[in-house]
Structure formats: structure tokens, C-alpha cells
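Paired with chain B in one complex and with chain C in the other, chain A is shared by the two complexes that follow.
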Partner chain A sequence: MKPKPHPLLRVARLLTVLALLASPIAAMPSEGDATGLKTVDQDVQTLKKQLIDLNRDLFKLEEELLYPASTQVAVFLSMNVGTFFALDSVTLKVDDKEVANYLYTEREVQALHRGGVQKLYLGNLKAGSHEIVAFFTGKGPHDRDYRRGTTLKVDKTVGAKYVELRITDREASLQPEFVVRQWE
Partner chain B sequence: MAAAIAVAAGAPAFAAPPALDSVAPDFALKAVDGRNVRLSEYRGEPVVLHFWASWCGPCRESVAALDALGLSSGTAVLGVSLDGADRSAAIADSMHLRTPTLVDAQQSVARAYDVAKLPLTLLLDAEGHVRASWSGAPADLSALTPQLERLRQD
Partner chain C sequence: MRQRSSTTRLYAICIVMVLGAAAAWTAHADEPARDAPPPTKIRDLDYGDVLFHFFQDDYFESIVRLEANRDFNRLKNHAAEAELLSGGLYLSLGLHTEAERIFDRLLAGPVAPSVRDRARFYLARIGYQRGYYEAALRNLGLIGQPLAGKLEPERRLLEANVLMSLGRYGEAAQRLESWSDTGGWSNYARFNLGVALVRAGDTARGRQFLDQVGTLQPVNEEQASLRDRANLALGFALLQQQGGDDPAVVLSRVRLDGPFTNKALLALGWAEANANHPDRALVPWLELQQRRLLDASVQESLIAVPYAYVKLASNGQASQHYRSAIDAYARESRRIDESIAAIRQGGFLDSILATVPQGDRPGWFWQLEQLPDAPHTRYLYHLLASHEFQEGLKNYRDLRLMQANLSRWTDSLEAFGAMIEAREIAATEREPRRQEMLSGTDLDALAQRQQELADRFAQVEANRDVAALASPQERAQWEALARIDATLAAMPPGPQRDEFTERARLLRGALSWELDRAYKLRATQTRRDLRETRAALAEAGTRLAAIAEAGDLIPRDTLGFAGRVNELADRVARIAPLIDNTALAQERALADLAVTELQAQQKRLGSYSTQAQFALASLYDGATAGGGR
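Let's look at the complex of A and B:
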């Protein structure tokens, strides 16, 4: 398999192609030259696809540089049903330091209800023991103000650590439940 | 905070709201009616963003005029009050404001926008770029309205 060129090299190539396309010669084929127009259109479509790919690669590269696997910790939030809890906000603390405070709009809550998973926090932690605390606020059963905290002790090892905060319904007690799961 | 955000001439010279054509910083705030509002959810339509506080004299006139503009034109007008939640709600109620009044009691959004003079009004296009701004005085509606109309037609 052909090795993928470095993202920065691809940026340079794309900029060259963009400059050529922006020039009047490349952008304006001779009159009645439908084939030329078609080619330009194809080039633009190819370029768009390359830009999307490049953007994805750059994003991945940035994440790898800023958050190497050896120190990376990511916290995700998801919701299963959630009929007993209307989410308003989540505050996240790592080792007693607030790292995220997110206010949810109605649209965002709906997205979570539909199965969306939100990356709430991405950061770096040294190997060792750490404490992650999440505070959920919203409306609980009977439309009462509801605030609940959940704590998780994590043992950060050399690999990336993924933590999932999941809001579920506990049918037996008709109460929301806040579950924390770890993924290696 | 009243010292940090001054009305008109008393403002520090180094602070400035987002420059024209720059993308307005995204934020989420609670409105006085309890809803959470995120600016980026208004992408796709022009937005008038308006920072005000109860202690700022010219703000009241501006708030009332922009609220009326929002109602008559169907434009998204977001008022960001730098007062506490109760005071913001009381003022919104007494002025019968119909457009969202968002509460920035911690002034975190005001800091992100470098609000140095009140009122501050920003006209944002459908992509969230700042197209016009009025700082330290009520927005000039005779200039804002045609610009808004152009943005709505784009």
C-alpha cells in the first residue's frame, strides 16, 4: 500500500492546486468548451473531497500531538432514555479542578436522546491515580430541581483512558441513574 | 464589574469587541425563561447580539428598540444582560421584552467579547461573522435595518 503523504505536505499541494484553480486561465475555459468546464467541475469536486480528508487528518494529527495516548483522558456523555431527568448542565472536575462546565440546549438534549455521544472533555493526565467528579443538574421526577454528583477513581496507565458518563432511567425506583464506565 | 465595563467614554482604550468579519465567539447562556441558548444554534440566519446592563442608561432605550425590531422583522435578537438572574428577569418583565434575555451574571461572555462599553450591539451574518457593531451608544437603527435586510436576502 502506498504510504500517505504527511498532512503538511498535502496542505502545500492543495494550496498549489487552489492557486491554479483561482487563476483566470484555469477558471475560464474557452467559449463553448463544455469539456473544459466539466473537467474544472470534476477538479473542484476532487479538491473538496481532498480538503475534507485533509481536515480530518489534521484534526487527528492535532489530537495526537496535543493529547498523546500516554497521557490522554477523554470523558464522554451519553443518555439512555432519560425520561426521569431533564439535563440542564454538567460540571466536570478532575483532581478537584474544574475542567468542563457545559450548559445543554434543548436541541443538544434531543441529540443525546437520539443516541448522540458528546465528548465533554479531552485532556492529559499523568500515570497514576486520579479522581473524576461529575455534577449533573436538571429537573428530576415531578419537575423538581435535581443535582447529583458521581465520583470515579481512575488509574491512568500508559494507554489512553476513556470515561463514559451515562444517564439512564432506573425503572424500579422511577429515578434517574448516573453510571460511570471506563474504557481502555 | 461596573468598573471594568464602563459606559461610553470611561472605557479602557485597549479593549475592543470582536473585529468586523471575525467569527463571534460561541457561548451558551441561560435565558430568564429558564431555557439554555447557544449562539451557534442560530447559524443560518442573521443575529443581533446585544449586551446591556440595568445600570447603563442608554441600554434601556437600545434594548426596547432592538426588541421591537426583533418582533417586527422576525430577526433573532439576543439580549445579554450583565446583571444577575433575578434583576435581569425583573427588567425583562417590566419592559415586556419578547426576545430572549440571556443572563451573563459571571460576565464570562462579556469577557470573551471584550465588552468595554455598554451598550454593545453586534450584527452577525448567517455564518456568525460580525458584520457591524455599535459600542457605547444605542445601535443606529437606520444603518442596522438595511444591513440586516441585505443579510436576510443573502
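Let's look at the complex of A and C:
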């Protein structure tokens, strides 16, 4: 005769299965644990805010100390659509001296596509006339290697000088276009 | 009675599934990259720079630049957007209180309706995440227009989740039913709707929606996981009904290598066992037995297998499996003891973090790929699924990244200090030269001389004194003619004097003609020279003033910078130990949580072991009563 398992055993097992499914709930912290975590979370929030404020002040100090407005020049890079050009790198020269050579990650290129503007270079220039040259390297139409340069004469005055390098699509010729623009 | 118990529990499953759905949604909602601000024409390049880091999920760098550039007044053309973005960034970094303060401030001021609506959406999300469901629902209700981009489907899903959290399942179902969106959120919506309908008592319709998700063709891991979850939920809903559709069919749709496989295999076995197919139940359960015993479903299978053997009247095999199970549970319980001891020793969070990809971005969106099979991490799989543990772990990681950040700044501050010192020395060295230049230049005397010349020229112009502008040679000629006139006056009259007089007259006439002819040009030239002299004097005055001012400013500037460096170094020194202490507190809190979880697992193993021993005893009793088999 086959021994019959105790009926409660079967129920217990089913309940165990079901309790098992509820494991995310079981894994929730108890009230005491949760209170402890919340307290720490509050402390972490306070600390993070302090650290963000500290970093903000350090960032400002660094810029004011190293790049005062009277000599500051900043070069930004942006991309508008950019379907005809896949950016790999940019080389920047100021008065024939290389000041930046930047290789882009896929993530950074995506950030540019989505409207981000990269602060490519921050430096100092004396008042007067200067020449900024940028070389863009990447893949052009039909996946062909593509390298283009663009030049801008800037007249550095007393205030900070902002320059934007902009990669756009020239729909008429299905070619990329590289524009340099000074901001006041 | 037995049936009622299992029914109650099956409802509990649905609750779990709802929570699971909410958790899945929350995981998405924590990704602010999906909440990217609508495309905007950049009018301040520095705002674009903030976005550049934001779009790379580098929220810490993004908020620091946003705050700094705002202080520099460089975001004035994007003021409202920047404010909204800062709230989103604080939220992403886990600073709910700060984020809430920003959104409240935004709503108190005059802002564009679209910005207002997004602020309300974020406030609703914070409310939902923190359990303030009524407030969340109120904020959602105040949103006037559909939100831009992917935020609108997320808003609808959030509203449904809030309603479900408030127990208003019928309304949640109503909102989701009218949703025609075919984007990424719709599968979550269908899943939630299915669960909501089951919970609201409309099991038939609920099953319909769960079945839709359970049969979708997944295009990524996220969808495959949701499909598995829907099939699991549906499988249990069918198990609950008993006599309806075969749950085994649905449960068989769960992948064999997904996060829900073990649960599905266990449930599949129960479905077969319930259908009086213990032989078929053995198939998934024996498969489960081959898997890692760390998993609770595998632990459960150790007693499920002998149960099936009992049903098949193979009591010998059943006894053998029960004995093996009891041994396995005892071994596992000892391993848990080891784990608890290891966790209490400290450092277990660093071991967990060592398994994640390296990066220095404090944020919420990194994944734990796999945990090492070490005593302190072996059993934490379920714990990691809990929101609280994840949040705590992320906080701990952020704290470690903060330490690295402060360490870097400490080095920079030292360099800044050295630089300021060098500037002071350079300024001191330049001082004698500066003083010499200042004392050796009499700009007032030069200005007076310039004025005298200007006055004199004014007289020349008034009298049209052409001779006053004569060249030195012409002047000499003019004077020579004057001398000749005097000589001629002394000569006796006569033809010779008349001839000389006539020649002198001609020469004077020629010279006068030349002076008169050149006067206009010379006056213009002189006027320009005077103007340039005046400008040069002014320029010299400016430069001299700048040199004088530089002398006053440079020491003051370096002192100002030195003061800032010192103040910031003090702040770094104050914050560093706070980070250490908070990281330690965080580790202790999570260790307590982990130990509590492990003890619960140990208790469950004890329960399984008791059940196995009880069943084994029953078998022996039966064997004794029946004469053995």
C-alpha cells in the first residue's frame, strides 16, 4: 500500500512555493532596518549636496585662477544633425600651436547628436589678433575617410572670447559643413 | 480549507507581480536620460556643455557645471530649463529633498506651462517613489497638456501605478485600457493592466492582457524578461483557478535561462502535480535539482522531488531524496553561518562593487553583472532585488566616488596654493620696476605742453598765420629775406638797390605763395598730430593707471585667491571624515539588512528540513504499518 503524505505537508509545500514567489517582499527590510537605511540616506543626501556645492566652488576657483576673463578663450564643439559625417577626432591649433587633440567615444558623439555642446578647449590668449584652426577627422558620405579643416581669425579683446565649431549637414550637396562662429 | 489557503496565496502572488511591475517601471523611471529635455536651440554655449555631460549620464559633472555656470550668470537664456534640469539631476543623484525643493520653487514662479507640467511630473514621480501616492496623484492631475516625447507614456504609466498603489485597481485599469501607445512603455502598461484587472477581480480580462505580454516577440533582454514575468504571473493565475486552462502551457513559455526560470520550473512541477501527473512534475523538478542550491526554488525542489516519488509510490527513492535533502539543507545552513560571519567582518560591499564595471560616475544606473561565489556575497541575489538594498549600495558607491573626487581636489588645491605663492613672488620682483616707471613719468607736464601747442595752433588758425606753419627751411628763407630787407634799407638809392629790392620782392612773393599753398595741408596735418598726441596721452594715462592699479590689485588678488583656497581646503578637510563615517554607517545598515535576509533564508531552510524529516518519518511509519516496501 502506498503511504499517503500528510495533507498538511502538501499544503505546506504549496505555501512554500508561493512564499518563494513573494521573495522580493521577504527581502524587503524590516521596519528597524528601513529606519536605519533612511537615516543613512538622509546623511548621504546632505553630504552629496555639500560635495556638489564644494565642487561648484572649486570649479569656479579653478577657472577664475587659471583662466581669468581678461585672457580667457573657450572653444566649443557642437553638431547639428551630422548625418553626413561620423566624428572621430578633432585637432585644434591656436596660432599654429596644437592645444587640443580629442578622440571621441560613441557615447560622446551621441551626446553631441542629442544637442550637447562640448567645451573642447579652455585657455588664455593675449589681447590682439589670433588664428584658430580646427581639423575634423571621421567618416564622410559613403563611409569614406574624411578630413577637413577650418580657420578663424579672432580679435581677442578684454572680455572672455567664446568660439563655436559647428558640424552641420549641407543638404544641397549631401556633404558635411564645418562652421566657425564667434560668440560675444 | 486547503484550497482557500492556496487561493489566498495565489492572490499574494498577484500582489507580488504588481510590485514587480512597479519595480520594473521604477528602474526605467530612474533613468533621466529618457527624460531628456526637448530639443532646444542652444543660446548659451555653457548650457550646451551642461547637456553634453547630462546626455552621457554623467550627472555629477553636469550638476556641478550647471551650478557653477549659473553663478557665473552664463545660463541666463536658459534659466527655467536649467532650473528644471537641475531638479532632474538632483533627483537622479538621489537628492530627493533638494529636487523637491527646486520643483516647488519652480512652480511658485512664473514659468512656461510646459516647464510647469514637467515639474509636476517630476514631483509626482518623487511622491510615488517615496510612497506619497495621494500627493503624486494630485500633481499628475494638475498636468495640463500632454508631456513632450517619452515623458507622456511614462506619465500615464506612473498614474496607473499610483492608482494601483492606492488600491484603485478599477481606475488604473480604466486609464490603461484607453492607452493606444505602441512604444516601449505599452508592454509594461499591458502587464500592469493584466495584474490590475486580476486584482480588481476581473480575472478573465486580466489573463487576456497578461497573455498578450506573454506571447510578445521580444527584441531585447528587457522585453524577454517582461514576457517571462507575464507568463509566470499568468501561470499562477491559472494554477489558482484549477480546472481552467492548463498552466503548464503558459509556464513552458518562460525561458530556460532567464531570471525567472527556476520559479517557472518549480511552478510547472506543481501544475503537473496538481493535474495528477507526478511523473511529468519530476521533469522540471529534477532539472531544478541540478542547479545551484543558492536559489530558493532549487532548495524547494529538493523536497518536491521526493513528494512526486511518493505520489508515484516509489517510496524507496523518495526516502533517499528526503535524506539527501536533509543533508543538503544542513550543509547550506552551515554555509549561511559562514556568510553571516563574513558579512559581519565588514568589507562585503567593496567585494560586491568590485564586480561592477569601473567608472567614476555617481548615479543609479550601473548594473551588478554577477556576484562572486564568496561567503559574503553568495546569498545576496534576492537582497539585491530589493529597492532599499540597491539604493543603499548605490549610496555606498557614491560615497566611495566622493572620496576619490575629494582626493583629486586636494591635489589641485595644493597646486593652486603653490601657483598663488609664485604669483606673489613675481609681483614682488616686478615692484621696483613698476615704481621706477611710475615716478619717472610726468604725464601732467606732457598734458600741459600738449595744451599749449593746441592753444597756439588755435591762434595760428584764427590769424591764418601761414608762416607759423612753415617748414624749418622756409623759416630760414623767410628770416634770410628779412635780413636782406634790412641790408637793402641801408643801401644808397640807385638802380642796383632797385634791382635787389625787386628780386627780394619776387622771392618773398614766391615764398608767400608757397606758404599759402601749403597752409591748408599743414593745418590739417597739425590738427591730426594734435589729436593723435591727445589720444596717445590718454592711452599713456590709462596704461600708467593700470600699472598703478595692478600694483594695488595683484597682492590683493593673490591674497583673495589664497583665502578661497584655504577656505575650500578647510571644507574638504571637514567633509572627508564625514564621508568615511557615513560610508561606514551605510555598510553597517546594509550588513544588518543582509544578515536579516540570510537569517530568513536559514529559517526557510530549517522549515524545509523539518518538512523533509516529517515526510521521511511518515514514510517510515507507513512502511512499518504496511510491512515495508
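Criterion: the second predicted complex is superposed on the first by the 140 of 184 C-alpha atoms of A that agree within 3 Å, B and C clash if a C-alpha of one lies under 4 Å from a C-alpha of the other, contacts with A are read in each partner's own complex, and residues count from 1 in each chain.
Quick note on the criterion: a contact is a pair of C-beta atoms (placed from the backbone, for glycine too) under 8 Å apart; a residue touches a chain by one contact, two chains touch by 3 or more.
Because the structure is predicted, anything quoted here is derived from the model rather than measured.
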**Message:** Going by the contact rule set out at the top, does A:55 touch chain B (first), chain C (second), both, or neither?
**Reply:** second
**Request:** Please indicate which partner A:88 is in contact with in the superposed arrangement: first for chain B, second for chain C, both, or neither.
**Result:** first
**Partner, of chain C and chain B, that touches more residues belonging to chain A** = C
**Message:** Applying the document's definition of touch, where does A:104 land relative to chain B and chain C: first, second, both, or neither?
**Reply:** first
**Prompt:** Counting only touches as set out at the top, which of chain B and chain C does A:128 meet: first, second, both, neither?
**Reply:** neither
**Message:** Counting contacts the way the document defines them, which residues of chain A are shared by the two interfaces, the one with chain B and the one with chain C?
**Reply:** 107-108
**Request:** Going by the contact rule at the top, pick out the chain A residues touching chain C in the complex.
**Result:** 1-7, 9-30, 32-34, 36-37, 39-45, 47-65, 74, 76, 78, 107-108, 110-112, 114-119, 162, 164, 183
**Prompt:** Quick one: in the complex, what on chain C touches chain A?
**Reply:** 2, 5-6, 9-10, 12-13, 15-16, 19-20, 23, 36, 39-40, 42, 45-49, 51-56, 60, 63-65, 67-68, 71-72, 93-98, 232, 236, 263, 266-267, 270, 296-297, 300, 303-304, 307, 310-311, 313, 315, 362, 382-383, 385-386, 388-389, 391-392, 395, 398-399, 402, 405-406, 409, 412-413, 416, 419-420, 561, 564-565, 568, 571-572, 575, 578-579, 582, 585-586, 588-590, 592-593, 596-597, 600, 604, 607-608, 611, 614-615, 618-619, 621-623, 626
**Of chain B, residues touching chain A in the complex** = 28-30, 35-38, 41
**List of chain A residues in touch with chain B within their complex** = 88-89, 102-108
